[in-house]
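Following are the structures in question.
Below are two complexes that have subunit A in common, paired first with subunit B and then with subunit C.
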Partner chain A sequence: MKDDRTKRPVRPQWPAWEMTLAALIVAAGVWSTTLSPYYLSLDQIFGSTRFFIIPGLLALGLAMVVSLGEIDISLASTVAVGTVTLSKLSMFGVPIGFAAAAVVAIGALLGTLNGVLAARFGLPSLAVTLGAMGAYRGLAFIVGSEVGYTDFNDSYRWLGATRLFDDIVPVSLLAFAAVAVAVWLLMHRTVFGRYCFSIGLNRDASWFAGVNVVKIKICAYALASALAGLAAVVWVGQYGSARGDNADGSILFVVTAVVLGGMDINGGRGTIGGVVLALMLLGTLRNGMGLANIGGPTQTVVLGVLLVGGVLRPAVAAALARLRRPDNADV
Partner chain B sequence: MSAPDDAAVGNRKGSRRAIAFVLRLREAGVLVFLAALGTLFAVLTNTFLTTQNLTTVASSAAILAIAACAQAVVLLTRNLDVSVGAMMGFAAYLTADFAARHPAIAPWQLVLIPLAIGAALGAINGLLVAYGKVPALIATLGTMSLYRGLTYVYAHGQEVTSSRLPPWMLTSVDARIAGVPLLAAAATAIVVIVWAFLQYFPWGRRIYAVGSNPLAAFYFGLRAERVVLMAYTLCGVLCGAAGLLYAARVGTVTVVLASGWEMSSLAAAVIGGVSVSGGAGSVIGAALGAVVLATIDNGLVLLAVPEFWRMFIQGVAIVAAVAADAAIASGIRASLRTRGAK
Partner chain C sequence: MVNRRELGKLGAGLVLAGLAPRLATAKDSGFKIMMTPKWTGFPYFELTGDGAKAAAKELGDTLIYAGADHADVSLQVETLQNFVNQKPDAIILAAIDLNAVAPVLEEARKKGIVVTTYDADAAVPARDMFVNQLSYEQAAKVMLDAALIDVPEGGEIAFVAASPTSPNHMAHIKIMTELTKTDPKYQVFKVVDTQFAGDDDAKSYDVAVNLMQAHPNLKVIISSSAVSAPAAARAIEASGHVGKVYATGFALPSAIKRYLENGSQKAFAFWDPFELGYVAAYETHMKLAGKFDPSKVGATIEVPKANATFTAGKDGEVVYGKPLIFTKDTVGKYDF
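Presenting the complex of A and B:
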């Protein structure tokens, strides 16, 4: 018996939600081709990736925090702190390599602060990062004032603005892909990642099993905010400007991507692959809505509906399952 | 730990009194902080302590106090509403637009519109959170963009200018009753009514019960879903009232009206001692928190401090207030342990 079971390979479960997302991406792409004859060109498709790279980096970071059952809504403000810091460094002629490292480090520092407050002192992460959202946004304005800075030289803009291979593939897309693979490996192939999900499922059990819960949580917050620092470097390249209100309001897109990607907002469940697919879906939709001349406010409404729909999905699925098996209603 | 039974009972009574004292202290602490702030600004500037300036502070605190009260009702149930600003904006714009199209409408009829809109929007939030089991932050983040986006769509890039509003709307908010701005009087009345409702009525007590211990409330036979739905609906109604007053105060109603108020209302409530983990605090405290924020705002303006410091200070204040509450809570737990009552 026992041998039988070990010999027989476990049948891999179809990742149903990821498959659905992939199908939806194809559907959204087909819908987009009907909107504009210019949609189906490599240039356009690769160009449209700019819609999700910056929020995508934030979403990958947020996914780590969410896997722990925590939340960090200060990430967009951290991006603004990053961009205005880059503007100051650029003003003093600091080489980009050093400047980028400094901004990522500053991001990690801000994230550590969030992590220490939430994990070490046990404050509710929502309240802490809501406060941090305001405080970091204020900090960005204090550092950068409300006048934008646009005199970035080409080396600062390289990561966000350059396209390789006949001017088609954006460097930032490659960077995003690299980060996505790294985060996937970290979350699904390392001890750190398993600890993250186990803490999200049952914090106390993980603690009794000897997991350093506080350290893991602080690390996740720091990593997420470091990615926000990287997103700031991409931002400067993409938009060529830095101001205190950069990325204001983009947290909605980020949270939507994470939730739609199948991460359980209460922690412990979800995949990085799902988050990446959700990002591609949202990017395709946003690109398509842009082609269809659908205005920004309507896009925001669609985003809000998708967010609520994404969270309601498990509840609706459970309700449908109950309807299908009325005899098991109480289980 | 090993104290005799009767002594333990006596101690438990004592510790309960101590807890009540600490909780009362929390609101007294806000008052002390407010007094300290007032003294600081009075020393640093010579315009702070003038009647005219204090009236300005009272007027701007008034609307925020109502919004903070709305936020507090939801916070008490261990939930959160980040769509407060969007609900205010939605209710304010639709009401102002309606008033501009029907100038002859009677005041009491007009007042009902934002309240009804607020109730509907709040009920949607409540349904999602209570019956849809969607985490409060996610649900209200979604509806925040939904409500704000719908306001944009409805407005078509227009705004309602003050010249199109009925004149009584604009004059009534500047009116005074025996020297007290009507706005402040109305806010005080609303806050006291909500406080009395939460304090003395069964439905109000249920909000505290569900927030402080959902499991105990469940075994007691309370339907948490209904209580949470009611809290969100009440929050929406209060946002509708705040939105109408805000629209009348600023005169020109745009689609971005009250954006960012979710932060301010939350900051005010938390500074006023309403716990984000539910069940503790009062709407009076939340209103006091609003006065603190309005005083800080006013002081910073008088001191000519750039506006962005406000955001920074507000954010830090939220974190500090949450930390203070956590410290008080662990202090209470520690005192219970040393007194031998579990």
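Presenting the complex of A and C:
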């Protein structure tokens, strides 16, 4: 008997959580249809996705950092640095292509700074990025002004404001989809991604195996903040406004999406697909509740319950697995 | 054969059919109005919502009040987009960022939705009218009036603003400073300092303490910030300056009731948020019914419940303009 078991090939693991999320999305969609007669319209649903592109880009970036067992709560402040920088570049008539590249590069630079402090000097990432959150927000207020800037050139607005195919599909949604695929490939199909998860599972073992832990971590932070730079380009297009307080307070939603998506907050486990599905679930719920004019506090409670559910899920799943297969408990 | 009576009916029917569209456009009640404040759950905004609901009920409209539970402009835009998708007749809002809400409001106006701002304006092309609680001039005067209640003989005064870029605070300070030089009523005051506290409670407290140390003869600390004014009152009490220095400016009655009742402070100013919301909804209704056109400078509208007639100014701005001063005797009447 024992021999049989050791010879048994590794069973492909069903992505149980992703399946659950997909089912929940369908349920949330059906629920939304009953909540509001205005929900079920292609124009409406595609339009509503625009509100999840910016937190979505941040969530994809954060997922990379979380896979390492680290956290970056400064991403929303980085978005603000990006938007006010774009306002300056627009003022000087810099073409959007160059401006966007510059802002993504500035994002990467700020992220590198976080990464160096957290990885090279071994400081706790929560403390480092808490400081960075304040510092970058301050920087955004210095570069921009509280009055804000609005005279963006039309080309600056294209990515965030345009909708294609009969004015239905937002360009920003297509951009998000492309980034999501790229991040998925990076995290699940490249050596870099494998290293990220291995560092998250066991940093020391990875180091002994020859992984350049510091370099990988710095790269992940830089990529996450570069995506925050891209989010800034979307912001400017969508809202046509750049102020130091842009995107303030959006990080809770981003963390919720990452955790609900099945990323283990301690690192080493999770999928990018799960994060994208979690974003879709949260988006559907918010859209439906918003159209039904359900109050802000109620919506926050629903989000909070989902977040707690997301955190408890692995523990509950492990407990259930143990109950189901008591013979494996001592293996 | 069609007899004469039937022909008559047909004729009457045709006349009615011809009239029907005109009757439909002259609709003057049953509008669907949707309202969002900067954020929900804050007593001040809840009262503006209650006031708007009261107006809608009287006028036979439906008013839906909703929004996020914290001031976040992307959530506000999302709320507004959800409103637009529900095809209301009008939207009323207090804008968090005057420019960021503009694209969605312009989309709303293109669809024929009337857009009214109150409390905090949006970019002018994005809305039909702005129901402004107080003009800068009125705000400046009412704060100085409150300061006169504190110290009738006058003396040194100092200002606390949110930041050098906060437009309304800086405008108030500029006008107040001018009034202390030009208006005989206010010439008893001498402006000695202006500090910034970023609408932050702890910082306002520190700033107030510093002001009292730096200016030993200081009589009144004035702030347009509903955060800073109560914090200054607390600092005065805690640092043992009661009776020597007073705080005033804009503050919610609930935040300063204690100081007025224990006698450490004498007067603060604000306006009636319930009535502000009522007036905003009332004027929006009249605009929908075609009885008030805020785009015409000088157009007037009477609001019986508010006991006032309001006049449209430049850029569709309608000043509500009824400041309130709270003292020990009146503060108990307000529950916000």
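Heads up, the rule we're going with is that the second predicted complex is superposed on the first by the 303 of 331 C-alpha atoms of A that agree within 3 Å, B and C clash if a C-alpha of one lies under 4 Å from a C-alpha of the other, contacts with A are read in each partner's own complex, and residues count from 1 in each chain.
Just so we're on the same page, a contact is a pair of C-beta atoms (placed from the backbone, for glycine too) under 8 Å apart; a residue touches a chain by one contact, two chains touch by 3 or more.
On a predicted model such as this, the values are computed, not experimentally measured, just so you know.
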Label the relationship between subunit B and subunit C on subunit A in the superposed model as either fit or clash.
-> clash
Once the structures are superposed on A, label A:259 by its partner contacts, choosing first (subunit B), second (subunit C), both or neither.
-> first
Check whether A:47 is in contact with subunit B, with subunit C, with both or with neither, and answer first, second, both or neither.
-> second
Go through the superposed model and pick first if A:139 touches only subunit B, second if only subunit C, both, or neither.
-> first
Does subunit B (first) or subunit C (second) touch A:239, or do both, or does neither?
-> second
Identify the partner contact of A:148: answer first if only subunit B is touched, second if only subunit C is, both if each is, neither if none is.
-> second
With the two structures laid over each other on chain A, which partner does A:297 touch: subunit B (first), subunit C (second), both, or neither?
-> both
Return first, second, both or neither, reflecting whether A:250 touches subunit B, subunit C, both chains, or no partner chain.
-> second
Classify the contacts of A:216 with the two partner chains as first (subunit B alone), second (subunit C alone), both, or neither.
-> neither
Which of subunit B and subunit C A:312 touches, first, second, both or neither | first
Subunit A residues touched by each partner, larger count belonging to subunit B or subunit C = B
Quick one: which of 135-143, 153-161, 207-215 or 315-323 on subunit C sits on top of subunit B after the fit?
-> 207-215
Mind sorting out which residues of subunit A both subunit B and subunit C touch, each in its own complex?
-> 145-146, 295-297, 299-300
Touch list for subunit A against partner subunit C, complex | 36, 38, 41, 44, 47-48, 51, 54, 145-148, 150, 161, 238-241, 243, 245-250, 286-287, 290-291, 293-297, 299-300
Under the touch definition given earlier, write down the residues of subunit B that touch subunit A in their complex.
-> 80, 128, 132-135, 137-139, 141-146, 148-150, 152-153, 263, 266-267, 270, 276-277, 306, 308-319, 322-323, 326
Interfacial residue positions of subunit A with respect to subunit B in the complex | 71, 73, 117, 121-124, 126-128, 130-139, 141-142, 145-146, 244, 251-252, 255-256, 259, 265-266, 295-301, 303-305, 307-308, 311-312, 315
Quick one: which bits of subunit C touch subunit A in the complex? Just the residue numbers, please.
-> 34, 39-41, 64, 66-70, 72-75, 77-79, 81-82, 85-87, 97-100, 102-103, 123, 163, 165-167
